[in-house]
């Protein structure tokens, strides 16, 4: 079974050289720590920067240079800065090759819910609805089950949706799964996790074909 | 051509209760601090504020919320703000949450004279409820309408008396699109410069979009999440 | 009766301090020569510049700095340069206070035809359709009659339209006229031109109320 | 991340007959001279070219017209061009004339993922024939659709290997919007610079929109209307 860093590390394997990538808040942010040495990717933050670098050294924080999580950041050589309308023109126009974001629920048809829990304070969807409606390649980083042990990979989402039929791949603490026409297609098992464990933790339709390999790191 | 006004007070002349106001900024980055402070002082109320975020309890739009000057917020993310939460849950505050990209585009289109456009964002969600759906190239899209405002208030780094503006870093964010969409656009800048000091080739907001400009004072530029890395 | 320069000079009186103005090709271009000393206006050229200045001195022409007529120009202090999408965002969004353009025909309901003559080579409408559809304030600069003496101020345009119900004011070699709900409202006579001359040269509905003053220069 | 290719020839790899190509420029200002010359040499034909103008007889897109490589032109103004006129009147060349602002917006929207939008331009004219009309705020608008292209070919002043571009003067024109709308966008630049040489705050086209970039040679930058004033 993976922890959050393990999930991020596995997702980092999805990145391809030359891709532009938008990482959401939470586990997705950790993906940046595991980029393989032989590939170059450019990180976009939807508040208006391409070529986001690491956090600044102490004393070098610039209030005018933050990411979408409102964290102080740096800009790498070759970075570009732009306004919000241009930023979402990039996103909506499918110029960003990969979006990684967290989810509260995912359905086996690729619906995602990650912005609102009825009865709880709603903070807003931010850029998530634009990202999931637009990106060709959406990978969800999430725990397979919630704190009560209930599956977050469902036949249908119970929470208000962020987007429909948009998720391509899900990486959880237990498995890698793709959205196929027949449901969640099991691709890989996390180290030490058996197919039965994944079956038990998945409420939606689960497709298991042949031997399911264990993730490699 | 001289659009310079002396102060936030003069810039906000004509601001009235129940108006619709756009305010630039993302979180607390690139927000018009001087004008917000002056709006608190003026006590205008029943405002509809269009802004990506709603500030924090004691800074940014949070200051207007604390004085209950805002009747309705149009935002994409309203973050950590106890007073906001209280007013929203009690029904004192009306809240319209819009996907961030649609919000930016609706402001841009408002300024660009495009009254409506199609976007895939929000289709199949509650954002799409009651909105026209049309399929383009096999993909369903929502019809979204443009936004404009009685006043658009933006914060820039430098500006001149023609109203030409440049922004610094990610403090640009919503400011350029909102600058286009105000019936009256106010720019507060850190530094007023002479016409010609800004390279015409590298102006972010051409002066035609700005009606009033002034050099602000005492910028706090508060950082919401001060994240650093150790010197190795 | 006015010549082209006289028409331009009369139109220059329409300009107000602080206005942004787009001048079309032909007579409208001449308006820039007659701006009163006590007002400041900024000229937009729709290929992407605000703050267009006079032609350059010989030897200072820059192939990368032209106006919409493809003429070499200069940029004044305080100028800004932008792309075509932004330029027409300004125009469509009604940020330009005045558009002056020529016409082949104008109707008494404010329709304008200035881009196409059937049977002749069509060069295209360029930015004219965007300008007339958007500007709050459209002044047409034109000769009152064509070379054969036929009126160009008509009940209905016979040529393909550039825009409908958009013209506000017309300045010709004979008169200044506004579009009113009842037709061409005569505002001023050109020096030495009588009301009868204007009547004879106007095919569309002409409204003449009270004494019509002569233009003042 | 290195998008640099050696030459126009390498940049145009994959270009085929009958493709749709966007080409930046206004008149002869800011046109991709190197790629046009190479396209003539390659002899690709039946092209649909989206470009505000069609060049003159012996320069710009006129060179492709002379070789009858263009089947259809989508433009706003086709200027003084005898060969263009001959081909159009003889029916060899299909021509789609679009209001200049709608053309710019349709390219921008194509790049921005907005499949359709409403504009007042062209309503009541033959441009509006067959198009949906909708009234917003009492004013009729046409529904216009976005444009995209197999290749968008733009000319910039400076660029780096990430594809970041800056343009000079009014040579910017249609280049930024078209750069957004190409499935493959080629930028030819007068000068290739190192990443970091271009100030991230003042980049006109962020590199994400550009797939291939090269430093062009022998720019002629022809002036169509050389207008001067006397030294007084």
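In this document, chain identifiers A, B, C and D correspond to the written order of the chains, with residue numbering beginning at 1 in each.
The rule is simple: a residue touches a chain if its C-beta (ideal position, glycine included) is under 8 Å from a C-beta of that chain, and two chains touch if they have at least 3 such contacts.
Please read all numbers here as calculations on a predicted model, not as lab measurements.
Student: Quick one: which chains contact chain A and chain D both?
Tutor: Neighbours common to chain A and chain D are B.
Student: With centres defined by CA atoms only, which chain is the most remote from chain B?
Tutor: That would be chain C.
Student: If you average the Cα atoms of chain A and of chain C to get two centres, how far apart are those centres in Å?
Tutor: Between these chains, centre-to-centre, one finds 55 Å.
Student: Return the distance between the CA-based centres of chain C and chain D, expressed in whole Å.
Tutor: 28
Student: Indicate the whole-number Å distance between the mean C-alpha point of chain B and the mean C-alpha point of chain D.
Tutor: Those two chain centres are 33 Å apart.
Student: Which residue numbers or ranges of chain C touch two or more of the other chains?
Tutor: 49, 75, 81-82, 88-89, 91-92, 134
Student: Give the residues of chain D touching no fewer than two other chains, as numbers and ranges.
Tutor: Expected reply: 105, 108, 112-114, 119-120, 167-169, 201.
Student: Give the pairs of chains that touch; include all such pairs.
Tutor: Pairs satisfying the touch definition: A-B, A-D, B-C, B-D, C-D.
Student: Applying the document's contact rule, which stretches of chain A touch chain D when the two form their complex?
Tutor: For this pair, the touching residues of chain A are 17-18, 20, 40, 42, 44, 49-51, 75, 77-82, 86, 88-96, 134.
Student: Could you list, by residue number, the parts of chain D that touch chain B in their complex?
Tutor: 105, 109, 112-120, 134, 136-137, 141, 145, 166-169, 201-202
Student: Once bound in the complex, which stretches of chain B touch chain A?
Tutor: Per the stated touch rule, the residues are 26-30, 52, 75-79, 85, 88-89, 95, 97, 99-105, 107-108, 119-127, 157, 167-177, 204, 221-231.
Student: Show me the residue ranges of chain B that touch chain C in the complex, using the header's touch definition.
Tutor: Counting only chain B, the residues touching chain C are 1, 108, 110-114, 160-162, 164, 180, 194-196, 200-201, 203, 206-209.
Student: Could you pull out which chain C residues touch chain D in their complex?
Tutor: 45-49, 54-58, 60-73, 75, 81-85, 87-89, 91-92, 111, 121-130, 133-134, 160-165
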